[in-house]
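Okay, so chain A shows up in both of these, paired with chain B first and chain C after.
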Partner chain A sequence: MTNLVEVRGLVKTFKRRDGTEVRAVRGINLDIAQGEVFSLLGPNGAGKTTTISMISGLLAPTQGDATIGGFSITKQPMQAKKLLGVVPQEIALYPTLTARQNLDFFGKMAGLGGKELAKSVDEVLDFIDLKDRQKDRIDTFSGGMKRRVNIGVGLLHKPQLVYMDEPTVGIDPQSRRRILDTVIQLRDEYRMTVLYTTHLMEEAQELSNRVGIIDHGEIIALGTVGDLIQQIGEEDRLIFSVGEQQIENDFLQQFEAIVGITKVTYQSRELNVAPGLEDSAELVIAKKSTGTMVAVRSGQVKDGEIVVYAKRGRKALPELLRIADDAGVNIFSVEVREPDLEAVFLHLTGRALRD
Partner chain B sequence: MISKLWAIAWKEVYRTFTDRSLILIMIATPLLISTIVGLAFGGLGGGDVPVQDIPVAIINRDVGSSFGANYGQIYTSAFIGSGDSTAGDSSNSAPVCDQVAAETSGDNRSSMTLDALTEAVIFDAAAAQSLVDANTITVPEGEPDSDTYLEAAARAAVDNGTYTALILIPEDFSQKMSYIPVLHPQIEETGVVVYANSGRAVAAGIIRSIVGGITNQIATGNIAIAATFGQITDNYGLATMGQAAGSMDFASAFACAFDPAFTTITIDSQSVEGASANATGVILVMVGSSQAMFFALFTAQFGVLSMHDERRNWTLQRLLTTPTPRWVILAGKLFGVFVTVLFQLVMLMIALTLVGSLLQGTFTLIWGSNLFLVALVLLATGLAVSGLGMLLAGLARTPEQAQTFGPVVNIGLAVLGGAFGFQLPQAIAGFSLIYWGQNAFSQLAAGQSDIALNLIVLAVQGAVMFLVGLVLFNRGFEAV
Partner chain C sequence: MDKIVTIAINDLRVFLKDRSNIIFLTLVPLVMTFIIGYVNGGGFGGGSSQLRVDLLDNDNSELSAQFIASLKEANSSLMLCPADNDENDGCNLGDNARLTREQAEQRVKDGDTLALIEIPAGFGAAVESFQPVSLTYVSNEDFTAPGFIRQAVDAAALRVNGAIVAARVGTDVAGQIEGITLDAAGQAAFTQQVYDRAAGIWAANPVNVAYELTAQQESSTGEINLQSGLAQSVPGMGSMFVMFTVFGGMTLLVIERKQWTLQRLVSLPVSRAQLIAGKILSRFLLGILQFAVVIAMGVLMGVNLGSDPIAFILIVLTYTLSITALSFALGTQLQNEEQASGLSLLLSLALAPLGGAWWPLDIVPEFMRTIGHISPVAWAMDGFNQLAFFQGGLGDVLLPVGVLLAMSVVFFVVAVSRFKYE
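Showing the complex of A and B:
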């Protein structure tokens, strides 16, 4: 498959006011094939926005280059930008202009004019299903409708590459579903290439042909969702909530002895009172992982969790429960987490995506 | 690229003029202020001249030129009238010229005086003494008949409000104004001093306009005469000129050319009558133009600063991801601000013209009939106002900073420029672009066209501020 986007050795260094330098992006190499949905995932501050800002021409790279459709973003930025449509996370529209006026204006900026512009605007209004509201000002629209116009602006000039930055943030589930369907439609019907960023793993998992995980300015994993799960060993996670019971090492070793189980960990955390209330005679209410609400003072209650990593966790579950029963350990709840992108991300970065 | 630049500029103008609250600030407020002032000072009805009996003191020290002309008398006859015992006395005219004057313009000199508009007096030692005796003014010790004593007394009388303005015509005024390349080739500067009470800006402005108009037209008349003489000398030689000078016909024509009575009739009729009848218009122009520029300063600043809003709302970043060069985006935005300012000024001028016409009961071009020059002043003013907006936006590190000190600068300029009803001396007022704009509009409204200096000051000031602001602002813009 032909690559639409090729990123080679992209580096971005920012200078702080004190003269020191921060290397936000440290030599990224990346290919995005024509017609695929590629999701770039990374925690805040990982370098995701800086990378995409360079690809979309907002920031000049310190080193390296990227091409869109063979056009260098540093040497032929105007040609490269003609192939790019951007859908920012923010509603980047003029609120006092109508939907049609916004589309007209950004269409002109994309290089359209005359009948071609009018035709494109009509098509986009149809596509985002807002033709009947085209003459209404944007500030009279609901959040979901604004998002749709925001997407529409990025599609006006039928770009080969559409960059969508968290397009489903802050909208209702119905509108969210509509936007996800739009992305699928762009890929499957219009054969557009989509560069997608999101905090929602299920979105990335549903939409993406391939995923790149970025952390500390570097791509640390790249491939299909299946590839990445394979990479971390395809393990299920069984999470047992044991509340404030004392868990002995012997008991954990019994778990580990079961065939197919690769690792067992036990974590216990104290339910603390809020800072500043340590000396208070009053008790505060805290929620335990068991779901129960308890009144505690600092350090009074421990909330324990046993995590079992297994190749086929569901199969080992009855045996694990029997051992716990025999040992007199009460299991308040069990959660089986099959390997997903969230697990991959956690495994690779040590952080949840929302951290 | 040009179509994109237009699209950005048009978007700016459209967004501004479809925002009701902005319209209220940009157009309605200055229009209301100007109309209220116009009504207060201008009154209703076309025949009335509600700003009337403006007390004016005149000291005419002009001793006349070597050709016998005394231009100082033009001022006294204009302000005091031919019936006055001192000023405009026909006995000062060459007899032959009375005949010429009557033939060319009719006996209408008395109708052209500013009797209705002003209450002018020749300020002499007796007038000074009566004010000193009445303890109305205090003058430093000195010989009551001396020039310095008289001038100090007149100035003190203006300062305490006895007079709105003092018109001081220097001794050598006529001599220096009588510029003839062959006979009197040196070019020397001279001028009539108008010392005005800063608390009566409107009335003082009217007097200043009238004096400026008369001076300008004396100079224009003399230049024409000088050019004629120059042409005769060039074509026929100095000897022929000398022969011609010896003839009776030439002598009478020459004398009349410099005769104050004659020149008053031929070159002063429009400005004097115009100033009288158009007093309401002059007030509207003075107040309206300064208010329009004051409010336009805010429009320009907020227009440039809206770039920060675009950055915050991500529309700027979205524009930067389109195949549009940065300079086009910035130029389009700034051009939009410039056009918005021009629209604002034009709309205010049209609205004030309508108000002025209503007040006078007939359609009146209160901004003057020289629409080309009005348009030039408009463009220069728009450039200066936009330039200041650009400079402030460039100097400010944050939009909040600009929003804090921008209004302070604007109000400061308005105070200096006389937009708040009191006029400071020109040496100070000249620091304000509002002064130069208002002065240019007022001069055009009074039928004068000597506004080259105003245009140069406004355009150069505007261009320099615009460029410096652009460089400073662009640094931040590049970092987007």
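Showing the complex of A and C:
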């Protein structure tokens, strides 16, 4: 597959007020193939935005270069920018202008004009499903609608590469779903290449063909989601909720004896019952020490959890349930947690992405 | 060029969407121009149509009365206090129906009157007997007490003196003509006759001085006074409000950076030069529009701003250009809206008075005049004053226009070289 974006030895150094230098990006190399959705993940301050800003022409690299469609961002920035559509995290629109006025203006700036511009604006308005609101001011729109116009502006000149910076931040689930579908549509129907940044692992996992994890200005992992999970060798986790029952070590050893199971732990946690709800019903809402809200029996003050680590958790589940039934242990709920990007990220960086 | 114009048009559209901007662009400058014009030109003395002057007649003779009449003929706009005081207390005397010399001097010092004229006791007798006699004239000789009051006094004195001289010469000549013999009574009557005749001829055919500060159409001195204030304040307020409007561009850059429209523009195939030029063009056009509003108001009120519109327009263009360039030279370095707003206000309110937008630089000390010329406003006002007050033309404004252009170039170079969008 042809590479649309090629990044070579990209470095960015900033000078602090005291004269010292901060190396925000430390020699990044990266290829993004034509037609793929590539997600760049990283905690705040990892160098994600700086890298993207250099690729999209907002920042001049201190060293290195990147090409878009073969055009250097440092030597041929105008040609490179013609292939690039930017969808910033911020609503980069003029709030007092209408949706159509915004699209018209940015379309002209992208080099469109005349009938081509009018056609393109109409198509984008159809695509973002806001044709009936095209004459309304942006500041009268909901957050989700603003996001859609924000995306629309980035698509006006039909760029080969669309850069989307956390496009689902601060919007309702329905609008979020709509935007994710839009990204999938851009990839599958319009064959656009999408460079996507997010701190939501499930988004990256759903959308991306490949993922790059960046930390301290360097890419520390690169590949498909499956590749990355396999690389770190993470296991499934089966979490059994057993309430206030007393769990003996013998029982846990029976679990451990099953083939494929590598570790079993038991922990009983204090429940923090929500104020005012303690005696109101048979079931009350309680908060676990982990912060999760659960429904428990009235008067219950503890909740026990057995966590089973297994290579293939779902396969072992029927046998585990049978052992529990034989031992007379009531299982109130079971949660199967398969390894995900969050686990990969945690494994590689030692912190959660939201930290 | 298309992209520059598109950016400028878009910025103008965004600016005009905000109704408060339209009010600030039109209504506020109009009101301010009129108020400052009134204060500069019409607010002193006896209102907008009369010039308040204190006159103490210690002689109360027929000749002193004639002198006062001549004074009024020489300048019909003089309100001679306390004699001419009206029911509205135009003389601002309060409960004092009479004035002492000390009170009158104090009023001049306080700016309550433009000048004090005192006719000494024995004035009439001294004049009639050709004895030297002096009138007292006291004023703060600045722009609020223009020279035409002194000129009116000189003209009135000249008339009285002239008639007396004519009578004396006539009597002497008549006495030397053979065959004409007059007794004392006849000589006195003859002298009086010649005096009356000379005074009458003078009154019928007065050589009046057109007391104009500017080339006004109006001949009324009172109106000239207000006009002169507006001729100062119209370009002055125009200059100041251009700064308010154009310096707003500093905030604009910060806001656009904050709302990310600037970054989005940079990510599009638009060069940095096109972007800056578009932004500058929009503010420049707003500045011109701002000036046009104030000037149009002045023209509608009959203010004569000179007879060379091309020279006038040239000053407006170069001044607005220099202010626009200055705003971008500074605006590119600002981090937030508070900085931009504060600097915009500070610069507008400092450069305007320093440059003579609020009052003529003629009234400030020489060193302040020199310092004032670090402000583009001072150069613009020099040009405007040349046109309005000294009947100047294109050749007379080339220096200020040249300096303003040079300032523009320097500021542009700084703006372009230091422009940052990240």
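To be clear about the criterion, the second predicted complex is superposed on the first by the 256 of 355 C-alpha atoms of A that agree within 3 Å, B and C clash if a C-alpha of one lies under 4 Å from a C-alpha of the other, contacts with A are read in each partner's own complex, and residues count from 1 in each chain.
Rule of thumb we're sticking to: a contact is a pair of C-beta atoms (placed from the backbone, for glycine too) under 8 Å apart; a residue touches a chain by one contact, two chains touch by 3 or more.
Everything numeric in this text was worked out from a predicted model, so none of it was measured.
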item: Chain A as common anchor, with chain B and chain C clashing or fitting; value: clash
item: Chain B versus chain C as contact partner of A:67, first or second or both or neither; value: neither
item: Touching partner for A:49 - first (chain B), second (chain C), both, neither; value: neither
item: Contacts of A:92 with chain B and chain C, given as first, second, both or neither; value: both
item: Touching partner for A:78 - first (chain B), second (chain C), both, neither; value: both
item: Touching partner for A:349 - first (chain B), second (chain C), both, neither; value: neither
item: Which of chain B and chain C A:153 touches, first, second, both or neither; value: both
item: First (chain B), second (chain C), both or neither touched by A:175; value: neither
item: Single chain C stretch clashing with chain B - from 81-89, 153-161 or 189-197; value: 153-161
item: Shared chain A contacts, counted only where both chain B and chain C touch the same residue; value: 56-58, 78-79, 81-82, 84, 86, 88, 90-94, 96-97, 105-106, 108-111, 113, 153
item: Sites on chain A touched by chain C in the complex; value: 53, 56-59, 78-79, 81-82, 84, 86, 88, 90-97, 101, 105-106, 108-111, 113, 153
item: Chain A partner contacts - residues on chain C that touch it in the complex; value: 2-3, 6-7, 10, 13-14, 17-18, 259-261, 263-271, 421-422
item: Contact set on chain A toward chain B in their complex; value: 56-58, 77-79, 81-82, 84, 86, 88-94, 96-97, 105-106, 108-111, 113, 153
item: Chain B residues within the chain A interface of the complex; value: 3-4, 7-8, 11, 14-15, 18-19, 313-315, 317-325, 480
